[in-house]
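Letters A, B, C and D name the chains as they come in the text, with residue numbers starting at 1 for each one.
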Amino acid sequence: MACSQFEYVKQYETDDRMLPGCWIVLRLDGKGFTKFCELHCFEKPNDVRALCLMDAAAQAVMREFQDIRLAFGESDEYSFVFPRECQLYGRRCSKLVSLVASCFTASYVRLWPQHLPDTPLAATPLFDARAVLYPSDRALRDYLSWRQADTHINNLYNTCFWALVKSGKTNTEAHTQLQGTLADYKNELLFSQFGLNYNALPERFRKGSVILRQRVKHVKQTADGRSKEKERLEPCVLHCDIIRDHFWQQHAELLA
Amino acid sequence: MACSQFEYVKQYETDDRMLPGCWIVLRLDGKGFTKFCELHCFEKPNDVRALCLMDAAAQAVMREFQDIRLAFGESDEYSFVFPRECQLYGRRCSKLVSLVASCFTASYVRLWPQHLPDTPLAATPLFDARAVLYPSDRALRDYLSWRQADTHINNLYNTCFWALVKSGKTNTEAHTQLQGTLADYKNELLFSQFGLNYNALPERFRKGSVILRQRVKHVKQTADGRSKEKERLEPCVLHCDIIRDHFWQQHAELLA
Amino acid sequence: MACSQFEYVKQYETDDRMLPGCWIVLRLDGKGFTKFCELHCFEKPNDVRALCLMDAAAQAVMREFQDIRLAFGESDEYSFVFPRECQLYGRRCSKLVSLVASCFTASYVRLWPQHLPDTPLAATPLFDARAVLYPSDRALRDYLSWRQADTHINNLYNTCFWALVKSGKTNTEAHTQLQGTLADYKNELLFSQFGLNYNALPERFRKGSVILRQRVKHVKQTADGRSKEKERLEPCVLHCDIIRDHFWQQHAELLA
Amino acid sequence: MACSQFEYVKQYETDDRMLPGCWIVLRLDGKGFTKFCELHCFEKPNDVRALCLMDAAAQAVMREFQDIRLAFGESDEYSFVFPRECQLYGRRCSKLVSLVASCFTASYVRLWPQHLPDTPLAATPLFDARAVLYPSDRALRDYLSWRQADTHINNLYNTCFWALVKSGKTNTEAHTQLQGTLADYKNELLFSQFGLNYNALPERFRKGSVILRQRVKHVKQTADGRSKEKERLEPCVLHCDIIRDHFWQQHAELLA
């Protein structure tokens, strides 16, 4: 029962290393989350507990993979940005895609009880992942802008949709009323009919979550029992605009 | 904040559909499991609870992805076989690789307390995954034979190694004694020095785990309260030789 | 001016080796041949000189690349079949695609004066090439059947089209008359209106060209001046059905 | 004999579009040119007729493919640079690789009699091609610098080697004498032993050929018979340094 006669099958493995010198964006996306949300009675349009759990799982991923430069999340998706010069696993696509999906999902399950203590996990959450390469800083920023613009558009729609449904409309009626309408109409609808100022809603809902590594002070016990304040880099969650230049000027190290 | 000006970034996504007409093997592998095993004090050379947890996670994957024809697992790795004609997610590599890694890891974490009730999960288990295509039945069988031969070789070595270590040798001494020795020497060592007949060890350790879908009887309650026996296909774990023809003759449907 | 500081750019080269164990089909296709044919006043619907030149260029490719098992050509395209176990250039796609395109085009230009002695070559003929993998014999045969069925369909249409045009119709009228018609209609049209029995047309036009390596006798001069008959394998052009089993039974070595 | 039952084989064709936003470098390389040079008695170390033929073939390629921004050639190789935003054939790798190889080879054969009028073409010249992507301007420039530094190193070596061989040494002796020596040694050898000032050799040999599109005046006949001077862009061959910044400052449009 020697291995050697069968080892030729390794030749069928293909090299999937990604082009050097490009930003690697790894986007995770929940599979079948509409059903998953219903099963666990997530609040509509946004369940803050579920969003915080997503953020916490993403932070766990960033602690595991120190190469990740920043992350952006909304709803049931998260994008992780690896730098141009990243050599993790030789930039092999399957390695990165599977490990990040594995780490995110495991963290999601492990951290669930902290974030939804009263809701037992009743199904296996699944996330797919894909890797996309961006050769220029402009393309990377436009990718992130695309996701944040999407957050805004979806959230405005969903806020209107669920306001209408909670006010007694059917899903179909709500959908029909909103179809093809512009942002102004939706803002006005929320304000005049539901007394909601859209821009006063939490930034988390309107802008999604950005995770950066920032210096955080923490207290460390020294050998002789005294406590000492130290600093370390920790992945921190922000809810701010990443489309305009301001953010990138403030965090110039991200594209450096 | 329209999406449209940024949507061009979708053009950077590449098509990673895998060649039709080939068997797809998706192999998962634990990341850093040496450390993970030590952290949770897994028994050496084989922890039957941990192996059963691997099998249970693999069964969960097979329940989620009905396309999977069979699976083979050993130690901290598992291979899943998708049939030639499989069209799941258009055969997109990243989708399959990430979802199977996600499902396996989530199941591993969820099922942990059932299999290791007295050992709290103290770290995030991670599994990477890769997809390999095999154009012929012969190549697929040789792949599975390769993994099972590997199971045997590793297990014989580990059984000797840990017997020596438990008898008082250091890791280095045990390794040195075994280096370059043949199977006969190791079998004889186990028998003469430790009274162990290697072939009498559990097949799970020597042959790994095969998972097939088999007809299983189950009792179903009918509407009027009577119970009725029904059959359904369930992923069942076997520990048997898959290198010789016998297995493939008995389960001719696997390659059909 | 040392090379070493720039050599890192080699890391950007990607590995494009094709999956082992599959048939490799390399299909060449003339670029802009409608215009090229007009420029050189090729006869319509088939110019036997131009078709023979295609065949001769394909034979030159088969003499250069001994791995090629067989070839099939029609009109301005040619497909070359490399066997499953082929290791030429490590199965690197770009190498095979470019070299076959290069060899075919160079041969086409070099052999032109032999086949069209009265027509000076007035433009550069261009051929693109692509590689496609077929994991099973069935898929390979179906590929070749697809090309031969295409030959038949195009030739029947073109024969009708040019008969109508030569009889005085405009291109548009001819096209309109034929659009959506079945084979029976076209056969009847040729017979009743132009006295042409389609099945009596040269097989080269109706079935395309197959190139196989066959034993050919040739006379060799020995050292003492006598001539001696020897045999060698030469790429030979046939015009026969390759869709039905008969051809493959007669040439069982092709798929062996 | 319908096509439809066989058309499924098209599904085996894979999408090989190259990542947008990157420079595409297509490098052609002569196959077996050592033998090809001997067969045609090319002058050593450089045959100016053969180098001019390479340049002319590359110019023909640039006339055919207007997307090509610039080209660099030396010895039996040529690199063609397509811009980041190039959409030719949807950036499909096989299309570009095969068509450029086809066009270059055809042009080489067609233009041969003009450049080597007394030497009949006695074998089929073959060129392979590969595509490499460069995400940044820096990487593209470093690629071109790598090729030009290679030109210099090879030419200095070859100039010494053939001087030694022509002076009576065997190939092996010449090779042994040069092995591991630095540029200074080789310059000194040429000067002291052969009276050759390396830097006075033609720039074509020392720096290779760069092809750019430049405005060229040409005379056009107007409808009424008068001649009128016009300008058009023509691929022009230069022999100059492309490693230092000067060239790129002078031709800022190349990277714009």
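Please note the rule applied: contacts are C-beta pairs under 8 Å (C-beta built on N, C-alpha and C of every residue); 3 or more make two chains touch, one makes a residue touch a chain.
Just so you know, these numbers come straight off a predicted model, no measurement behind them.
Because chain A and chain D carry the same sequence, their contact can be compared by residue number, and over half of the numbers here are used by both. Of the two chain pairs examined here, C-D and A-C, it is C-D that is joined by more C-beta pairs in contact.
Distance from the centre of chain D peaks at B, each centre being the average of the chain's Cα atoms. Chain centres here are Cα means. That of chain C falls 30 Å from that of chain D.
We define each chain's centre as the mean of its Cα atoms; on that basis chain A and chain D are separated by 47 Å.
If you average the Cα atoms of chain A and of chain C, the two centres end up 52 Å apart.
Residue positions of chain A touching 2 or more other chains, listed in rising order: 12, 14, 19-21, 133-134, 139. Of all the residues in chain B, the ones that touch chain A in their complex are 1-3, 5-10, 12-14, 16, 28, 31, 60, 64, 93-95, 97-99, 101-110, 121, 124-134, 139, 142-143, 145-146, 149-150, 152-153, 243.
By the touch criterion given at the top, residues 11-12, 14-15, 17, 19-21 of chain D touch chain B in their complex. The touching residues of chain B, counted against chain C in their complex, run 19-22, 84, 133-136, 139.
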